[in-house]
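Scrolling down, you'll hit the structures one after another.
Each of the next two complexes has chain A plus one other chain: chain B in the first, chain C in the second.
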Partner chain A sequence: MKREHQETEAGGGGGYHVATAGDMTGAKGKMTAGPSMGTEDDDCGVDELLAALGYKVRSSEMADVAQKLEQLEVAMASTAAAASDDASVLPQIASDTVHYDPSDLATWLDSMLSELNAPPPPLPPPPPVAASVHHHHHRFDVSTASAVSEPPAITTVAPLRPSDAYDFKPVPAPAAASGGRVVYGLDPQSEMIVSPRDQKRKRTCSPSSSSSRGAEAGRARGSRTEGASSAKPAAAVPVVVVDTQESGIRLVHALMACAEAVQQENLKAADALVKHISVLAASQDGPMRKVAGYFAAAIARRIYRRRPLSQVDRALDSPALDDLLHGHFYESCPYLKFAHFTANQAILEAFSSCRRVHVIDFGMRQGLQWPALLQALALRPEGPPSLRLTGIGPPQSDHSDALQQVGWKLAMLAKSIGVDFRYRGFVASSLADLESRMLLERDGNEGDRDDEGEEEAVAVNSVMELHRLLARTGALEKVLRMVLAVRPRIVTVVEEEANHNGGTFLDRFTEALHYYSSMFDSLEGSGGQAAEAGEEEQQQHRAMAEAYLGRQICNVVACEGAERTERHETLGQWRGRMARAGFEPAHLGSNAFKQASMLLALYAGGDGFRVEETDGCLTLGWHTRPLIATSAWRVSAAATR
Partner chain B sequence: MKRRSIDGSEEEKNKKPRSDEEEEEEGMVNVAELGEDLILEVLKRADARTLGRAACASRRWRRLAEDERLWEAVCTRDWVRVPYGERQLRSVVLALGGFRRLHSLYILPFLAAAAASPSPMTRRAHLRPRWGKDEVQLSLALLSISYFEKMNPSNNHRGGSGCG
Partner chain C sequence: MAGSNEVNANESKMVVPLNTWVLISNFKLAYNMLRRPDGTFDRHLAEFLDRKVPANATPVNGVVSFDVLIDRPNNLLARIYRPAPSTASAAPLLTDLYRAPSSDPFPVIIFFHGGSFAHSSSNSAIYDSLCRRFVSLCGAVVVSVNYRRAPDHKYPCAYDDGWAALKWASGEPWLRSGKDAKLRVFLAGDSSGGNIAHHVALRAAESGIEVAGNVLLNAMFGGNCRTESEKRLDGKYFVTIQDRDWYWKAYLPEGADRDHPACNPFGPKGVKLEGLPFTKSLVIVAGLDLVQDWQLAYADGLKKAGHFVKLVYREQATIGFYLLPNTNHFYQVMEEIKNFVGSNLL
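What follows is the complex of A and B.
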């Protein structure tokens, strides 16, 4: 066993991390290694060894771990019996455990079992960049490549089993260095189930570039010499994917590592990680792959964004495309429908017994919210009121009058169901450009219908529009003042339920990752209304909806400053903002809740969706995660002058 | 439009009682000679499935079975305490595509969903769930959205009617 050599050279206690095993910030090696420790393995078995080293077993894995320990015991016993040379087998196994983190007992056991039971499949040649990438776990300090302090004289023991005979290329150090060979703290779950023997082989790299690597890493630990010799696997080769869940976790960690690198301005490392993420993502399935793909693309965009926006980028920013994707998003999952239905219910209730009503919509788009309101108004027991609708939309790049077309359609619908309807469209690139008097003023030709005696009841509706204003300071306050000036009976606000606007880039990234993962999951689940759309159509809707979300992801991750418009904030934050602006909450009634619940019952995958009520606001989420929140507001008594 | 597989035996069953009835009263009379009003009277009491099947019998039967009045009856039969005036409801629903469409797109799936999983929401698991105001409101809202989506703004007539 050559291990002892390396240990002694690294400096006495460095190789034996008994002392630091309990301290997670120390080097991550599992400590057994040398023959001196081998005897322990021989007699007491695994348990005592682990306990002595302060291994932490996660409680969720207890049963699993126990079972595996049993299996391992059996396997070891049988192997020991089978092998001709007892003494060489067990120390071999024991020494192989050096590379794994004590806290991840389950993974270690898995690797042991897999080694003993079945040889792992032969490794294809690793992609050069991937080999230099490590996963980051934020609990651990970063240290430079462990192999750095290894003397080049390490050789490996002749393999005992055929599994070790396969070809494995060690990572060439210079290439690795140029690729940004940053070694992050070892995350247990990100470990590959690769024979540790291979990892020893990997570490045949020269220490000459260690200093440059150290500089690159930028976060060399002081205790490098101490910890380095202990098992830090030199490379994580994405080869033996044991189970998708594991690689999914690895993927998440890779993403987090990448984001952290970006935050640290370590762009080379981030770049390498992005490529690694793409590789990992390919091994995934379904929503996770797509989410990872979008996030990776967004990070890549952020890394390379020095160059100015190209023609393609500008074309992709067109509002028409956005509306198209938005429409598909509407069809593919219930979030927008939920938003519309709950907001409409609040508006209806606020308008009860009013003869003249005015709705101001901050984001008209294709006007999908209003047919239902028109229908509900038409069927009012006291008969429909006269409805005026003011729609606000962004300037269209191709000069088509989308806003007017929508108004036309709504007018035709209103006519056919007998609701007196008037429409006005406003084009504004930002809501802050509007003035309250513009919204309130009427068209000239009202004729004799304009009885001044009847005051108009106004409702302001904003579905996922307010968060854009946060990109410019003071814009939101200005708009809310304008809303106050309009003197609405009710203001309905629907926003994404997430904090994509606070803290550091890493915080935002993490939050967005969780949020959009849930979103994408729910897209998989929701089947949509079975009656209308065929399977293919559903898939098309879903694909477009994913693209729609992908654009949001890109904005959240890659953009900054005024460009970053997707500044989502949580319901709590919005509550604060509205209260400060002079609004008080209006509780959404049980009708809204019932309607929302029924709406979800229609969706196949409706099992995953949850409607919840918190303090008068309704949220719709996927499993335990709320994703969209509707709230209603009135002008508070204090604010009315 | 609902297309049910033509079920010969069902058709026979539908026709037989009537023709028997007629035979009793007036001697041998062909169903085809029955007054349309009478057929409509009979069909008014039929459930949705029967109506659908009747519509598959022949062109004449289809015309009769697709009459909106029949489907209005089918839809509103199970509605409980719905606060809409009959006339008001009729005019709105007909404008938005009609009761038959309402039923096939938004009531039938609801019933199927409710029957499949009696959720705490409906709180009942019997054959003909009673529909309250909220269910009706929801189905009407969805109908209106569907109509709106199918509208073609360039034409000046309603694009959402009938087939499809």
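What follows is the complex of A and C.
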């Protein structure tokens, strides 16, 4: 199936560097193995010209790769000749083979050669997309079957106390900057938003730790970047203009001017511009109006920041409300469905032929991801494994046990489809509060269910949870160490595909404006034939989804420090982080891509949604702008102790 | 056995650099997997395999790009490439992107990517690279049209999208330049893109829209009969008669043959160009391209109809020579394009 394969990375910011296109005096007629553009050591000797076109081939391997191409051609030609006279194509190679990472030519060609030379036994059919289950995810068809003979094994662990064993430092807000540049280090004037729980801890922030935080953007402004390359090219800003009206452009211009004023601490000008924006936005229609509204409100909040958080703020911060909006976001557009689908695909493949499996979900919420996985496991040709699900969720303000409720519903579903299922919920304010031993240990009453000596395969699943950890120095690293300790077979990570965590306020604002403009525009386009909701219900979903995104916008724009939890980063940045933490990529293949594309056709209205493959990861975007990225990871050989 | 089944790796390997050979052979292999004998196309696998790049408003080598939805009902996107605006901030504002790069006359090149009507997109890496080069080369704004492809969308969709792009460009004030505030537009394309450029130029001539020039790079034309070059070069340099036939069948209307005017503009069903204000053309032909006889016939047809043609014939060039900047063919043809655009920037 998948090959163990070490990725060589060229640093953040996307799949590959663009080679110097203006180099008119470059080598002619021969393979170029020119000077690298500040790439890593293990990247040496990659053919630069091919790299610019998206193909990674080492110059030293070029002849080898050429030979493989020839071999494949011979093999295909002879098979075609044997098949029929006028068949110049070999459809089997396309339909049966699962392709991975087409950028890595050598490995891709190898996989096809081995397919052709030693035809494998017929592959098991890919897990069917249980469309009906997707529909009913939040209804949890409870079968009124025979009475439960034994209590479903659901336990919820009481809220954990944050351990004092480690030192968490909140990320300081950027200092009042001159010329819009962030000044690193401790600035007595900078606002340090410290939540009560951190008051016991030291409040100092060493310059080195804060510089590593802010420099993650990839903008080469002389700031030190963690890990790999030194001279990174400036971060790419993908812009998709969907509204070319004059008024739309003026609105964006006003928003940018406002953000610039905020950055320069010219609050009077900023305030005037906020009002101007409201006027402009009123004459707009469509998504741009709403986006402008949210951004203007967020700026206003930033200007008139109230500290500490008011009662209203705290009420609005309830996880229950968040889950509600999240549910509507799930319904109104395909992003979360894509996330769940692609992550489940990777988990299923990792679990193939395992009899005991354990899924740890870093953000259980309403458990929307899991009915489909349950169904797919139930339908496995080799029969379902016994599944243990650990769900993690935040404390609920009204003391309701939402985590337990979800577990119950899933247990009912599992029982109705014949999957042996155990569930456990963990309440934690932060993932960093967890310890690996907690996640791994089992309850006493499971003793009689253990299979003899069969190891449990573990999957760790994180859908839009990791970025929150970046609000506290060291939190992500701690969590990733914990994940390593759990010895997972697969780690699935889904994140917003954007850099909302680096550079200056203005940089962040610009990025967010482009990102959420595309997002909101895509909400208008969503719907799809398979949506069972009527027109009115769809509109309600959309309104709530917009509110869901609006809260994110507010957090990105108005908040700083520990409060700013929507610290989205790009696939390139996450790749770096995962690699440093001891993980290697597990590629998502053409089968996942195909099925995701087909699912999209079912659920999404309009052709604006695009699935793309980049370096073994899958992204879903609106037109040419990727908005959400799914990646899968394994513990790297080097990290195995 | 048909010529298409012979392996002629040795011949093609001798005329291109090794990395070019690898690139084009890789495309050939991938494309073979995507075309099904029944005429259907594995679109999902095609999109999976295609290497794409995002637009980038941050200047790279003095060029920025951004995507624009130019026709919402058809989801018609175009990628705009332009010289980086001279502003203080590193990331250009949207207003900067929509400002003319200069008040002096500058060319607007509407580019149609190749792919035999079925493959590639405006955000394919190979075409992103080429369009960026055109910006630097000609000081141009390049509009790369993401036209609808076959077999999902047959004739005349690609031409309609090309026409929509031309109309869109005509309506953008920032694309006008010079004292007469005129749109100085060129139509350019490689392979199927060259074919599209011709047909859009034809429609422009029929509609009275002025086009400054056409640039056709290894344009895709054909016809029912088998020309000498097709028979001689079948299967020798990456391309076969069989695959050409498949793509025409995929693009042309059901039941049409290759003498359809889309495929064979100077054939028995062709439109007469005499008397029409058809634009000037730069026609580039690769001497190892099996459809060169059709391309040469095209250039001839334009001449006979009284229209200006500059023919550039590169004897030892294969298809795709313009994808990598590693041969004389590449640099000299780029120079020709630069001169043609420059001298027709009236």
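Here is the rule we use: the second predicted complex is superposed on the first by the 385 of 641 C-alpha atoms of A that agree within 3 Å, B and C clash if a C-alpha of one lies under 4 Å from a C-alpha of the other, contacts with A are read in each partner's own complex, and residues count from 1 in each chain.
In this text, contacts are C-beta pairs under 8 Å (C-beta built on N, C-alpha and C of every residue); 3 or more make two chains touch, one makes a residue touch a chain.
Remember, predicted model here, so these are calculated numbers, not experimental data.
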_By the touch definition at the top of the document, which applies to A:Ala270: first (chain B), second (chain C), both, or neither?_
neither
Across chain A, the partner (chain B or chain C) reaching more residues is C
| query | Of the partners chain B and chain C, which touch A:Ala66 in the superposed model: first, second, both, neither? | reply | second
Request  = Using the superposition on chain A described above, determine whether A:Ala281 touches chain B (first), chain C (second), both, or neither.
outcome  = neither
Quick check on the superposed pair: does A:Ile417 touch chain B, chain C, both, or neither? Answer first, second, both or neither. first
Notebook entry, point to check: A:Gln375 contacts which: chain B (first), chain C (second), both, neither?
Noted result: first
Review point. Should A:Met256 be classified as contacting the first partner (chain B), the second (chain C), both, or neither?
Key: second
Which holds for A:Ser597: it touches chain B only (first), chain C only (second), both, or neither?
both
Footprint intersection on chain A (chain B / chain C) at 594, 597-598
Chain C contacts chain A in the complex at 1, 4-5, 7, 9, 13, 17-19, 21-23, 25-26, 28-30, 32-37, 42, 44-45, 47-49, 51-58, 60-63, 66-70, 72, 75, 77, 79, 90-91, 93-95, 97-98, 123, 125-126, 129, 132-133, 136, 240, 242-243, 323-328, 330-331
In their shared complex, chain C is touched by residues of chain A numbered 14, 18, 20-24, 26-32, 47, 49-50, 52-55, 57, 62-63, 65-66, 69-70, 72-74, 76-77, 80-81, 84, 86-91, 93-95, 99, 102-103, 105, 219, 233-242, 244, 249-250, 252-253, 256, 507, 510, 590, 593-594, 597-598, 606-608, 610-614, 623-626
Per the touch rule above, chain A residues touching chain B in the complex are 341, 344, 367-368, 371-372, 374-376, 378-379, 381, 383, 405, 408-410, 412-413, 416-418, 529-532, 591, 594-595, 597-599, 601-602
The chain B residues in contact with chain A across the complex are 83-85, 88-89, 91-92, 95-96, 104-106, 108-110, 113-114, 119, 121, 134-135, 137-138, 140-149, 151, 153, 156, 158
